[in-house]
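I'd like to ask some things about the structure below.
Chains here go by letter, A, B, C and D, matching the order in which they are written, and residues are numbered from 1 within each.
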Amino acid sequence: MPITTEDVLRWITQAAQVFHEQRDYLTQLDAPIGDADHGVNMDRGFRAVLDKLPSLSGMDIGSILKTVGTTLVSTVGGASGPLYGTAFLRAGMVTAGKHELDEADVIEMLQAALDGIKARGKAHTGEKTMVDALEPALAAARKAQEQHESLAVLLRRAAEAAEEGMKATIPMLATKGRASYLGERSIGHQDPGATSSWLLLKTLAEVAD
Amino acid sequence: MKKLINSPETVVKEALEGMAAMHPELIRVDLENQIIVRADAPVRGKVGVVSGGGSGHEPMHGGFVGRGMLDAACPGAIFTSPVPDQILAAMRAVNGGAGVFQIIKNYTGDVLNFEMAAELAQAEGIEVASVITNDDVAVEDSLYTAGRRGVGVTVLLEKIVGGLAESGASLEQVAALAKRVNEQGRSMGMALTSCTVPAKGTPTFDLGEDEMEIGIGIHGEPGRRRVKLAPAADIVEMLANPIIEDLGLKAGERVLAFVNGMGGTPLIELYIVARELARILKGRNITIARSLVGSYITSLEMAGCSITLLRVDDEMLRYWDAPVLTPALRWGI
Amino acid sequence: MKKLINSPETVVKEALEGMAAMHPELIRVDLENQIIVRADAPVRGKVGVVSGGGSGHEPMHGGFVGRGMLDAACPGAIFTSPVPDQILAAMRAVNGGAGVFQIIKNYTGDVLNFEMAAELAQAEGIEVASVITNDDVAVEDSLYTAGRRGVGVTVLLEKIVGGLAESGASLEQVAALAKRVNEQGRSMGMALTSCTVPAKGTPTFDLGEDEMEIGIGIHGEPGRRRVKLAPAADIVEMLANPIIEDLGLKAGERVLAFVNGMGGTPLIELYIVARELARILKGRNITIARSLVGSYITSLEMAGCSITLLRVDDEMLRYWDAPVLTPALRWGI
Amino acid sequence: MPITTEDVLRWITQAAQVFHEQRDYLTQLDAPIGDADHGVNMDRGFRAVLDKLPSLSGMDIGSILKTVGTTLVSTVGGASGPLYGTAFLRAGMVTAGKHELDEADVIEMLQAALDGIKARGKAHTGEKTMVDALEPALAAARKAQEQHESLAVLLRRAAEAAEEGMKATIPMLATKGRASYLGERSIGHQDPGATSSWLLLKTLAEVAD
């Protein structure tokens, strides 16, 4: 089954719910290697997205994602605002006019989002950022597509890979973002941005299930 | 969490309202856009100088808005960069036709948001230039970090560059002086206690009664190392020597010495820090041409201090001494 | 005890050395007598304005020495009045032939020591007048107390009276204005945390995580009552209303509003306090003619604030606005 | 046996020792109803007195006490500096030229000291100050004199009365000094100044024993 406009709206709504619930958890993750605000930032941004929800009904998927992107840019601030904002803007561009997404569309969307983040943040894998959750997620999705898995399975694999990627940030030395200031002391902590990326993909997988 | 606030959500907005109520002759506060603009902005023909960043560093930046310093400040949420919309609104408000100069501290969030705002402003035909301050010697300036953080030099730079802009200089001249000031300044900070972000409600890090953090940032980021509490003389050595070495300060040179409090440290302690700094500089035959002592770039209620040294030339001194009329820095007017 | 100091015994002396090193163009520090004197003292024909009290309230008083404010300050040990010898040395150093004016806060120790110094100075032929500030409405002004304490009004009075003295006024005129300023000002303070006197090494009082003290003094003295932590809006009501009532402020009147930090409270919180104060005053149709927001009369690293309202007349405003050039207050020069 | 010049010097020396040992205790007493410095103040003052000791040898009792008074005035500060300073200055005036003090001399000395404190501090009994230790001490000394007790007994009685007076400050409401700012909250705490007065008299009694 493809992902519909309604699925996308449910995804956004549930993601907002998840970030509200995980607000303190994400903020706690940001304390030892950052500035203790990542959960607060994501929650603020997605609550603003929720406020936009009524105005999104009837829109195509691309327009919805673009609105999410501009809303995040306008309300999150910090590093994650421009990064997630750009991700959703780019995702919206490649899904412009669509009301359904199949496997290929979803992979294109994920690729665009990841490329957006990497371009904005000048980031690569292994630097202890959200990229470390998203890059393996995309790879897993591609692999599932090659194996002709359903969209639901494809997204579940992507979310699982994101979770592994997130956990793999724990032993990493940060070389991007605020955690990089800590040098060796950044080792041993899970990256908050990788965690929020996993939560986003997990929620999408749940919606598609 | 013990703070003089009404609720964690309203801290920034209410503090801005307080500023508006107390300084109507100096600044205007646009609550909708969450920006602070000098009362007479835009000044025709003058380069508009805009800065901003997360809140929680007061008086920086809002307290530096006014004649001879910033034309506008865009405060974000506590410790969170402002968003492009805010920055763009500030740039529009102070654009007097001679372009807008952005003073950005080197944090990923600040850089990205100001960058996006600049793109939007340029699309509207506003000429934009910027400086990214990165003076924190606690952070290695290497490929393996986001680069050094912008800290204390930002305050000095805002004053000096603000003075130059007030004199009617061009965007190019402003950018050139800003670049020089940033290159000639270095800082390092330490904390005796953590701060507490209101929305989090508990301290960002825990320090034992006999511990301190050396090389902290201004967002409650822990430092490079945690060491045993030491006398002020030793602490100042730990901060000043890396600065002096990184700057390559030589005997006979002149500096502006800035002893800054992190928010919870009283002035009497800062003057003891100042004493130790003066002693070290004297021992190296470096002259304190000007000084600034007080809590100007803070980290909420964190106890601790930072030291900034700026190698000054005559032009810098001229614009440091130039009149300034802002809520937090004021002289000559 | 976490402080940026070298040892409890040397705090005051080393802070004075720091001030001397940072502000050589404004002040002279006489370490032997432990006094701070403006760089060009004595000024011939000018009334010498002297204040002092225990240390730990920085920038008060040493930070207010300079053109247009104090001619000298005599800092005692932490929270301990200076001794007569010190005060006498300060009076001698600033006596320009037009007499010396003492600004004393109403504490038994301050009053007694300044009194003894005045007797000694008069015996040497120096004309002496004085004011005893007593603006703290937290203390009942009755036969059953040592009288109200002198707190925030002292800062405003030093500026205003210093401005008048700088204009060449006589000792009599200075004393008259000082009396009026003291009569027209009232203050009240509160604490979120205790301070720690260095020589004692532990907090003067203990407060629970959800408690605060209302009506504290500036020496870590506990307040009149301990209550549950409350939002800033409520705290400011508790402080401002008794002041307004005691002063009998009426709709249409003008005040100088002074929001003061106790040393450990950052500026962002003080502006929230300022917002609430502005709201209350607006509700009563009282105009804020001038304002001062910052940590100017502190109690070491205590977290908390105080509010001072001064009913102003044109003469007070004129000398409040007059140029001042001191380490802590500076404008117009 | 009368009190000799040497006794006075021993008294001063031992008082300095006592205030050094009791520095924290007196300061603790000053915390709940004052500003936590009384012990620090007395210790500072009496250490300065100790420094003067070499210059006092050969002097008469009046000159010694006057020097103690001026030293305390010059080094203690606070309320207790001028108060104890005046007390010793006045005590020195009534013992001027003397090298020995008998019962009557000692009572005259205590009376002068007490009068000096009351005049400087405008204080009366019952206000929770050092006066509440000194006034009963003087009364007890007078009574002992009437009973023709020895000087040693007289001073012991005075010290005991000072101790009782000191304890009697606990339930008092303070109406002088810093403790008066506390109103009702001053009740239940022992006055630090009454305590230092008791220590002074106790040390004198021990020296005369």
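Going forward, a contact is a pair of C-beta atoms (placed from the backbone, for glycine too) under 8 Å apart; a residue touches a chain by one contact, two chains touch by 3 or more.
Bear in mind the structure is a predicted one, so any value in this text is a computation, not a measurement.
Chemist: Find the geometric centre of each of chain A and chain D from their Cα atoms only, then give the gap between the two centres in Å, rounded to an integer.
Modeler: The separation of the two C-alpha centroids amounts to 76 Å.
Chemist: Which whole number of Å gives the spacing of the CA centres of chain A and chain B?
Modeler: 32
Chemist: Which whole number of Å gives the spacing of the CA centres of chain B and chain C?
Modeler: 28
Chemist: Determine the shape of the graph in which chains are vertices and touching pairs are edges (line, ring, star, complete, other).
Modeler: Drawn as a graph, the chains make an open path, so a line.
Chemist: Go ahead and list every pair of chains that touch.
Modeler: A-B, B-C, C-D
Chemist: Touching chain C in the complex: which residues of chain D?
Modeler: Residues in contact with chain C: 24, 27-28, 31-32, 34-37, 40-41, 44, 73-83, 120-121, 173, 175-178, 180-183, 185.
Chemist: Considering the complex alone, what residue numbers of chain C touch chain D?
Modeler: On the chain C side, the touching residues are 54, 76-85, 107-109, 112-113, 115-116, 138-140, 143-146, 149, 197, 199-200, 204-205, 217, 219-222, 224-225.
Chemist: For chain C, which residues count as touching chain B in their complex?
Modeler: The touching residues are 2-7, 11-12, 14-19, 21-23, 55-56, 58-59, 63, 192-193, 209, 212, 229, 231-233, 235, 257, 259, 263-276, 278, 288, 291, 293, 295, 298, 300-301, 303-305, 325, 327-328, 330-333.
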